[in-house]
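Each chain carries a letter (A, B, C and D) given by its place in the written order, and its residues are counted from 1.
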Amino acid sequence: MSSPAARPLPPGLVSLADHEAHARRVLDDNAWAYFSGGAADELTLRANRGAWDRLELLPRVLRPLAGGHTRVPLLGRTLAHPILLAPVAYQRMAHPDGELATAHAAAALGAGLVLSTQASTRLEDVAQAVLGDPGRGPLWFQLYLQPDRGLTRELVRRAEQAGYEALVLTVDAPVHGARDRERRAGFRLPPGIQAVNLAGRPAAPPPPLQPGQSALFDGLLAHAPTWEDLAWLQAQTRLPVLLKGVLHEDDARQAASLQLAGLIVSNHGGRTLDTTPASAARLPRIAEAVAGQLPVLVDGGIRRGTDVLKAMALGASAVLVGRPAIWGLANAGAMGVAHVLRLLRDELEIAMALCGCRTLDQAHGTLHSRFANTIYSHL
Amino acid sequence: MSSPAARPLPPGLVSLADHEAHARRVLDDNAWAYFSGGAADELTLRANRGAWDRLELLPRVLRPLAGGHTRVPLLGRTLAHPILLAPVAYQRMAHPDGELATAHAAAALGAGLVLSTQASTRLEDVAQAVLGDPGRGPLWFQLYLQPDRGLTRELVRRAEQAGYEALVLTVDAPVHGARDRERRAGFRLPPGIQAVNLAGRPAAPPPPLQPGQSALFDGLLAHAPTWEDLAWLQAQTRLPVLLKGVLHEDDARQAASLQLAGLIVSNHGGRTLDTTPASAARLPRIAEAVAGQLPVLVDGGIRRGTDVLKAMALGASAVLVGRPAIWGLANAGAMGVAHVLRLLRDELEIAMALCGCRTLDQAHGTLHSRFANTIYSHL
Amino acid sequence: MSSPAARPLPPGLVSLADHEAHARRVLDDNAWAYFSGGAADELTLRANRGAWDRLELLPRVLRPLAGGHTRVPLLGRTLAHPILLAPVAYQRMAHPDGELATAHAAAALGAGLVLSTQASTRLEDVAQAVLGDPGRGPLWFQLYLQPDRGLTRELVRRAEQAGYEALVLTVDAPVHGARDRERRAGFRLPPGIQAVNLAGRPAAPPPPLQPGQSALFDGLLAHAPTWEDLAWLQAQTRLPVLLKGVLHEDDARQAASLQLAGLIVSNHGGRTLDTTPASAARLPRIAEAVAGQLPVLVDGGIRRGTDVLKAMALGASAVLVGRPAIWGLANAGAMGVAHVLRLLRDELEIAMALCGCRTLDQAHGTLHSRFANTIYSHL
Amino acid sequence: MSSPAARPLPPGLVSLADHEAHARRVLDDNAWAYFSGGAADELTLRANRGAWDRLELLPRVLRPLAGGHTRVPLLGRTLAHPILLAPVAYQRMAHPDGELATAHAAAALGAGLVLSTQASTRLEDVAQAVLGDPGRGPLWFQLYLQPDRGLTRELVRRAEQAGYEALVLTVDAPVHGARDRERRAGFRLPPGIQAVNLAGRPAAPPPPLQPGQSALFDGLLAHAPTWEDLAWLQAQTRLPVLLKGVLHEDDARQAASLQLAGLIVSNHGGRTLDTTPASAARLPRIAEAVAGQLPVLVDGGIRRGTDVLKAMALGASAVLVGRPAIWGLANAGAMGVAHVLRLLRDELEIAMALCGCRTLDQAHGTLHSRFANTIYSHL
């Protein structure tokens, strides 16, 4: 393992898979188990990837391509391209520059950034580093609804004051999943890495249990957040709120009725509940259910520019990538994250050109039509 | 191989698959072939596992979870959770404490226990060990209809007097399957291990064969049990009788007409006839066929809490697990069995919470709806 | 390699797959390539096997089994069981006792025998060896329609006089397939092994070619046999004629209109044309097309008693196995062939019993009903 | 690696797959990466192959075969067989004799030849080498529409004057695909190998970019060819023009309305856009869309004579093979290419004979009918 701060971009990395293979060697087993692992047998982790692979693009020929571009509208802005960085905790475990490097790279490539509530860097420092960059993408803050409403309110205030432009509320992980790989590796946060934005504010202890009660249902989940808590959060902030972790149409429809700014179709990167459907398999159903009432984003297994194009074809307004940014970060700090983003965007442009697609609002026609009726059984 | 009686719970076992891998090292080849093997090419053995994996759970978000629990009603009782231990013969081959250890662990975790008629421990000793435990689950006795009705009647009397609360009649193994793995390993019962509850009562010799007759049909099966023998058994006992090994809807419907206490959808853990469907694939059809007239249980390949939730979603009233208890037993005696049960129950609670499912009567909604119409072709 | 004539039955062979693995070690590369190889990429060779595996049996319980048996009617006789030995050439290449050993084993186990026209033993010697055995199955002779009608007529006369009871006309191999494995191995008949029944009667040389003509179509196939030649053959003999190598419904219907004694659904063990359907996939269609007008037999990939039961369930009157007899022959001469047949028959009886099937005319009900409508897409 | 010019045909090559395995050893890593690689994860590269494998042929028996042949009509000529050599660039990288060897072999075997615009041999030299051969197949020239119309016009003039009989316009690669394998290998043209027909005519530099413009869309693709440019090309030449790289029905229909001489269904051998459908999967749809208005050819993954027959059955008028000719070339120069062509043609004749198919206009009936309705979901 080379001295991380001095890592230059290694030669020969021509795809995100190459970044992954290299990061495997750069990161120690502890960090690798944390960043790469999924829940239980990791079937959903693999399904996420396989679902994009199985979707087929149908090229077109001899169509006008000049002036094509990857720009998309989102929450009142025009983004240079539809690729955002998903929230990933403890990024200083991948590289000493951590979230600051990721944020700089995102800004340089015009990618939106969602900072994790469990970031290992102060949220104010991340915002300050990038808000002045005129080419940057959106800057959002991810959070969980804590049983302690005071803590939640304080995080929201800090995010607002620091300049974050939206809140991303993760709702698919009221409990930690069965992260078998982490547990087998005996994962522990390394010294000096912590969720600094929550520091000094430990979660309130769960209520005492009666005999026969469940430590989960009657303890940790006794105050698990509900739709009412979401309404409370919306009342606390002037920021738009997006809901992350929606897979069921009924939840999507309920969200659409609640003035939310967007949905993120996600299974938490396969890290919470194993054997859920791939997010790519749920995206078209969710997009259909909300019928354009609010933007739908998606994450999970996006590793190629073709995957981005397929997501847009299935109704996404934008996509998020998580682990690939960590691989780039581990491999070469900010330069590595930027390289990952550039590979994705270049591949997206090539895929658009070969599908005869000048702009992403033409993406719908790029998918092989046999999927029109059968996508759910094929994925 | 460490001295079995002194085995502590090995570190790093975070799933039933880990228990299996460890047990492979603890058990000798003879015992491993017996406990782990299936019939012929073991296609059904693998299909059992794969069918659960392919069923997809569809998470829900922001639903109230406080006060959730895993309790289920069964045969007039309320069980702490729907996980029972399936009958497995010769458990002292896995650990010197054998069936007693398994029974103690089941009682400690509130799991039902079905003692095998081929147990290597006296049925009275097992009953005595656990009947006084207030938190224990149901205690049932498994048996075959022997050609010798006197032997069957004696076993029933002993089970009744010892305090067993139901009889589980196994009907899917009138002949021993083609257990190729056992035969290749030259399996033999080790010295000191035997079916003590049948000891001294060898099966009656089959009738003498005429030339051209089949040793199977005209010999061993000349007195194979039929539906009439089942009626005779019911007349012999005041205990409820469950039928284990039903895969065909017509057999299920016939059973439902006969005052049975329950059905167990099972292919005998893939040990009798290879290339039968996975039990998970037959469960919804059987549940539909009996339409709630009697409880339907299922075993075969359940290795995750998610599998338990899926079984309940497909119409099961409870589930049984067999080999995993043997792995735990081999790895650490009663403590190992208890650990296996705890892992399963904890995973079940997590899966329920992530599916927004407070109680198991809500389980039906947790399965991805695309399976509603297509489950049979997907499994 | 042990001295072949003295090979006793090796220990530990409990299935036909075990026989195959052992034979791989006993036979040299030249013989192995000949006996085991298929056409081209051997996709059909593997598909034959996989199709039986994917068919699912649905067990029944508590049905009367006493007096069950495997007897089937065929061509006016009652066979002890429906398993025949398919024609395989040059069996002395597998064992010095060659076709005589195979014939003795077949007779001892009551299995029908089809002698190959390319046998390495005189057809009269084979007949003489077994015709006196009262328990033997049918004895048939396989032949090709040779461009030289005189040669064909002579073979027919010899077969009739020797006591053969039917002729099996192979029609699926007017040309040798692309036997890549044989060609890579540089297969050559060992010294002393030849098609003795054809000896001294080399095939007539093909007609001379004009420029631009095809060596295949204008040469070897200039006198390829047609339906007219079949009628000629039927006029030459009082023996019943079966057609071997039918996969298309239209060919089956034509055969049914021609007073043939039976059809054998076969793709020549995957040895002629690669990527044809598995014979198991064509069997039900062919059986349906001829609607009981004549018996339908099948070969290709049958390696388990469950496969035999499935074939009967799909409409077969009997089945043939080829390579497995060669494995047994290579492993232990006549005793090895007999062991292979015994394993198959024992497995068939077990499968029948577990499916609640006393006789093979009940076989239809043993297949999982989901295949009723979908068998063709599943295979 | 032996001295290439002196390579005799290696022994033991009995299929195109054998040629591939041998060529892997003959070629260095640089050339191998170029010739064998596909786009991105090479899913389409593998899908091309797998689609042919999964199509099933249904043999017929006892049909008249004498006088059968492989002749097909194409663009007013009668070809000895429907196999053409696809355009492949830089063939001198595979063998010093390069395109000349390939052309000689094609002529000797009566195969059509499509010379790549990026050939490493002058187009006039190739034409001169083969035009006098009376048994040769068609000679076509492949080109791209260059932004510099003068360069395109000059290439067309040279091709016309040299005697080429048609132009093949490749339209599926306006940009170079994500050739990850090439990039990982750091592919570079070896000294002395170049696109000699374009030498001295470098592509015009793309227009200068404004800030925020895309190097792809506003640069390289600013003058990407369109349907209008195709019309311009047709006006420049008296030669028939075929369009290569069509996968979408709408593009096929548009082509059919434009007096083109033919279409080539192709995904560029899986080298441009990954996760497009296999060409075999698109062929029947394209053939149906153009309804016989113009001939439809296909390439991509054809490695067996059975694949050629399947392509004809799905509506192709002829097929092209690319990489296999390069393998043969690398292995033994012209003799190797000729061997590859002979293997394919021999296999085609065998497949026809076994399917009871005397001529290729009977090919339609050879495919297993279950594909009639379901081909798209099976491929």
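Observations, loosely collected:
One rule holds for everything that comes next: a contact is a pair of C-beta atoms (placed from the backbone, for glycine too) under 8 Å apart; a residue touches a chain by one contact, two chains touch by 3 or more.
Nothing here was measured: the structure is a model prediction, and the numbers come from that model.
If you take chain A and chain D together, no chain is in touch with both. Put simply, the chain farthest from chain A by mean CA position is C. At the interface between chain A and chain B, two copies of one sequence, fewer than half of the residue numbers in use are shared by both copies. Averaging Cα coordinates per chain places chain A and chain C 59 Å apart.
Chain B and chain C have Cα centroids lying 42 Å from one another.
Those residues of chain A in touch with two or more other chains do not exist in this structure. With chains as nodes and touching pairs as edges, the resulting graph is a single ring in which every chain has exactly two contacts. Applying the touch definition to all chain combinations yields A-B, A-D, B-C, C-D. On chain B, the positions that touch chain C within their shared complex are 40-41, 43, 171-178, 180, 183-184, 186, 212, 214, 216-218, 221-227, 229-230, 243, 245-248, 250-251, 267, 272-277, 376-377. Chain contact summary for the complex, chain A toward chain D: residues 12, 14-15, 17-18, 53, 55-70, 80, 304-306, 346-347, 349-351, 353-355, 358, 368, 370, 374.
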